[in-house]
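What follows is a pair of complexes built around chain A, which joins chain B in one and chain C in the other.
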Partner chain A sequence: MSKVTFKITLTSDPRLPYKVLSVPESTPFTAVLKFAAEEFKVPSATSAIITNDGIGINPAQTAGDFICSYGMCF
Partner chain B sequence: MDVALYVIAAAVLVVLILFAVKVRRQTRAADEDQRRDVVRAAGPPQRAAEERGAGMPRRRRNLASVMANRRPQREAVEREEEPVEEDEVEQQSFQAEMEEREERRRMQELREQERQQAEEKERLQEQKQEEQERRAKEEQEKREEEEYLRLKASFIVEEQGEEEQLSEDQSRNLLQEFIQHIETSKVVLLEDLASHFGMRTQDAISRLQDLLAEGSLTG
Partner chain C sequence: VVVDSEIATVLRVKGLLEFRCQLDSTDGQLVRNVISRTFETLRSQVKSESCVLAVSDSPVIIWPNKDAYATPEEITPSTLCEDMHQWIHVINLCLMTEVTKPGPLSAPILTKTVLKSHFVNVTLPLDCVVCTGRSNTIKEYQLIEALTHQLCEMEKVTLQNMKGMTLLVPEPVHFLLPEPKGLVTVVYPVGVPDSQLVAQRKELHEQFELPDDRPYFRRANAYHFPNEPYKDGYLRNPHLALTHPTLDNGKVYLVQGIYSYHHYMQDRVDDNGWGCAYRSLQTICSWFQQQGYVERPVPTHKEIQQALVDVGDKQASFVGSRQWIGSIEVQAVLGHLLGLTSKILFVSQGAELASKGRELANHFLTEGTPVMIGGGVLAHTILGVAWSETTGQIRYLILDPHYTGAEDLQVITDKGWCGWKGPDFWDQTAYYNLCLPQRPKVI
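Let's look at the complex of A and B:
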């Protein structure tokens, strides 16, 4: 099972803590969001993940699809 | 022969008698009806027959005056009967009206009862539906939770930390370094430049274009 990696930064904290998560490719992005919210101890219902250039992510995508849309398919 | 004749004659006589009796009855009934109609249409009662004093000779009056006196008596009797009949009729109509009202009330109550039953049934059905929807939602949430827990087992946090905030000096130094690197290398691949300074290729391109526009870089 191939894995993809995300570096997620909590921008609501001035210290800008980050975590690098490694998840299976087929994981629904909602699960990634939920897991990241749990790790940063914030509520997942009011959280969202956006890219560096401010593009919102469709949580219905899988993690692999999202990475692929950034031209990083293998 | 004679006997036969007698028998036939007797039969004819019997038939005639029966016919006469029937006609008489019909006539009497018609008279009664006519009398009643006349009585109803008549005005205030006339004086009754004058009383005869005791010891007065019994005088035979003529038939017409006797009938004329007897008629008011009959009318008075009939008039007394009339209120009674009218009372009975009134009572009957009152009773009928009461019964009708009672019937109407019963029908109304029945309709009301039926309406209430229908409303109750509808309410129960809605409740049941809501209950079903709630249960389905709970089951789905439970399933999603179980799925998430199953996936979570395969997640790994490889690294964590806090981003370094560049101070103003540091960022100015970085810019100088950027320009220096380009000037030194002369020919540089944009991807290499971006990875060297920890930025994306697009960011590196836009930075270069800004510098060119400023005039900090030429060529």
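Let's look at the complex of A and C:
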């Protein structure tokens, strides 16, 4: 099972802290969001993940699908 | 969208012609010949002296091929168009045929032949438009030319779409292309969905030199004539009734195309107090439907809620509740139900919205879709911005979904339910998210 890696930045904090997360590519994005929110100690219900240029994400996608649409895939 | 102040006149001729022919054989080529001959007969009929054009809502009758007309008193074409509110005047004419003619009296003769054959009987819906050029006059022969040209187009489409012994009815559809092309009529076969007409649309895009990343010729893009009411009862583009603000060195950037105004209490749903974001989402869906990107009708509150459950964003108990949604949910529903991508903008304080002028202006220039904004316990739709690059002054064109009244354009514009607001309209300390739907790059 291959993993995909994300750099996620918390924009509500002016210091813009970030975390680098690695998840199996079949992980549904809702789980990625929950995990990231827990790491940043913010409530996942009021959080969302968007790309660098502001594109919102379909929560039903898996992490692997998302990377292939917006990130780098080989 | 800048409203052209030049008033153009359009003559629209509509009528039904009976297409009848007898097919004695099922041989493909012979059938095609008969069909062509029948169209030729119809063309002669239109060019004959028995062709009559009756001007709708007026006592004027014209025999275009006899150079004759009947009016009870002196009436000129300019007195026929009373409605000065639209920038296009449409004069409707009805195509008719004289069925009697003067001649010697004789007894009718009937013959009976027993023969097995196919009989084709179709009613062709003729619908032509002729626009005035600079001269502001239209000659009768131009109308006849338009009708015969349309019959040729119909013949082409009928023959192209023949499958064995099945004929599809050709149907004219009008499209308003960007200036200077104006109104263009395309004949489509009835019953063939847009998805099977991609090749025809590609040709049309090439022919009219249109960009190949947005639809102009889907059936949903059909031009809606000013004197035809919308059957669903929703108001279209109420913002067109407003005067736009003038800012120092400022420009107005508006939503492109057509949307319907969705607000509280419509469709027998009492969503007063909780449905504002849902209504904004409905306005956005109506835009995508009317620009031809989706065929799906505007979703109901329940369908919106179900979509959020289906993508895993909400629990099953969400359906049927009165829970609020925000920009992120709007983006998720647009993605799941309509297959659209959206951009999310956010500001941590309402006061910062004034600094988003350039981005919003660019959005309306490139995408031109309505924007949903949520924050400070309210949701609204942004239909445009007036922004000055030099002074930074900004105004927002807001469509307010909190309106609970009837579809009264006067009230809606007078009371500001659709109106221009300043930067103080926003809660200066609240966090705001904006959903900017992106156009799919398709024709």
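Rule of thumb we're sticking to: the second predicted complex is superposed on the first by the 73 of 74 C-alpha atoms of A that agree within 3 Å, B and C clash if a C-alpha of one lies under 4 Å from a C-alpha of the other, contacts with A are read in each partner's own complex, and residues count from 1 in each chain.
Please note the rule applied: contacts are C-beta pairs under 8 Å (C-beta built on N, C-alpha and C of every residue); 3 or more make two chains touch, one makes a residue touch a chain.
Not measured: the values here are computed from a predicted model.
**Q** Mind working out whether A:Ser22 is in touch with chain B, chain C, both or neither, as first, second, both or neither?
**A** So A:Ser22 only meets chain B here.
**Q** Of the partners chain B and chain C, which touch A:Ile50 in the superposed model: first, second, both, neither?
**A** second
**Q** Once the two complexes are aligned on chain A, which partner has more residues of chain A within touching range, chain B or chain C?
**A** B
**Q** Kindly list the residues of chain A that each of chain B and chain C touches, one partner per complex.
**A** In chain A, residues 28, 53 are touched by chain B and also by chain C.
**Q** Applying the document's contact rule, which stretches of chain A touch chain B when the two form their complex?
**A** Listed in rising order, the residues are 1, 5, 7, 9, 15-24, 27-28, 31-32, 34-35, 39, 52-53.
**Q** Within their complex, state which residues of chain A touch chain C.
**A** Interface residues on the chain A side: 11-12, 28, 30, 48, 50, 53-56, 58-60.
**Q** Using the touch definition from the top, list the residues of chain C that touch chain A in their complex.
**A** 310-313, 328, 331-332, 335-336, 341-346, 348, 435-436
**Q** Looking at the complex, which residues from chain B come into contact with chain A?
**A** Residue positions touching the partner: 147-148, 151-152, 154-163, 165, 200, 202.
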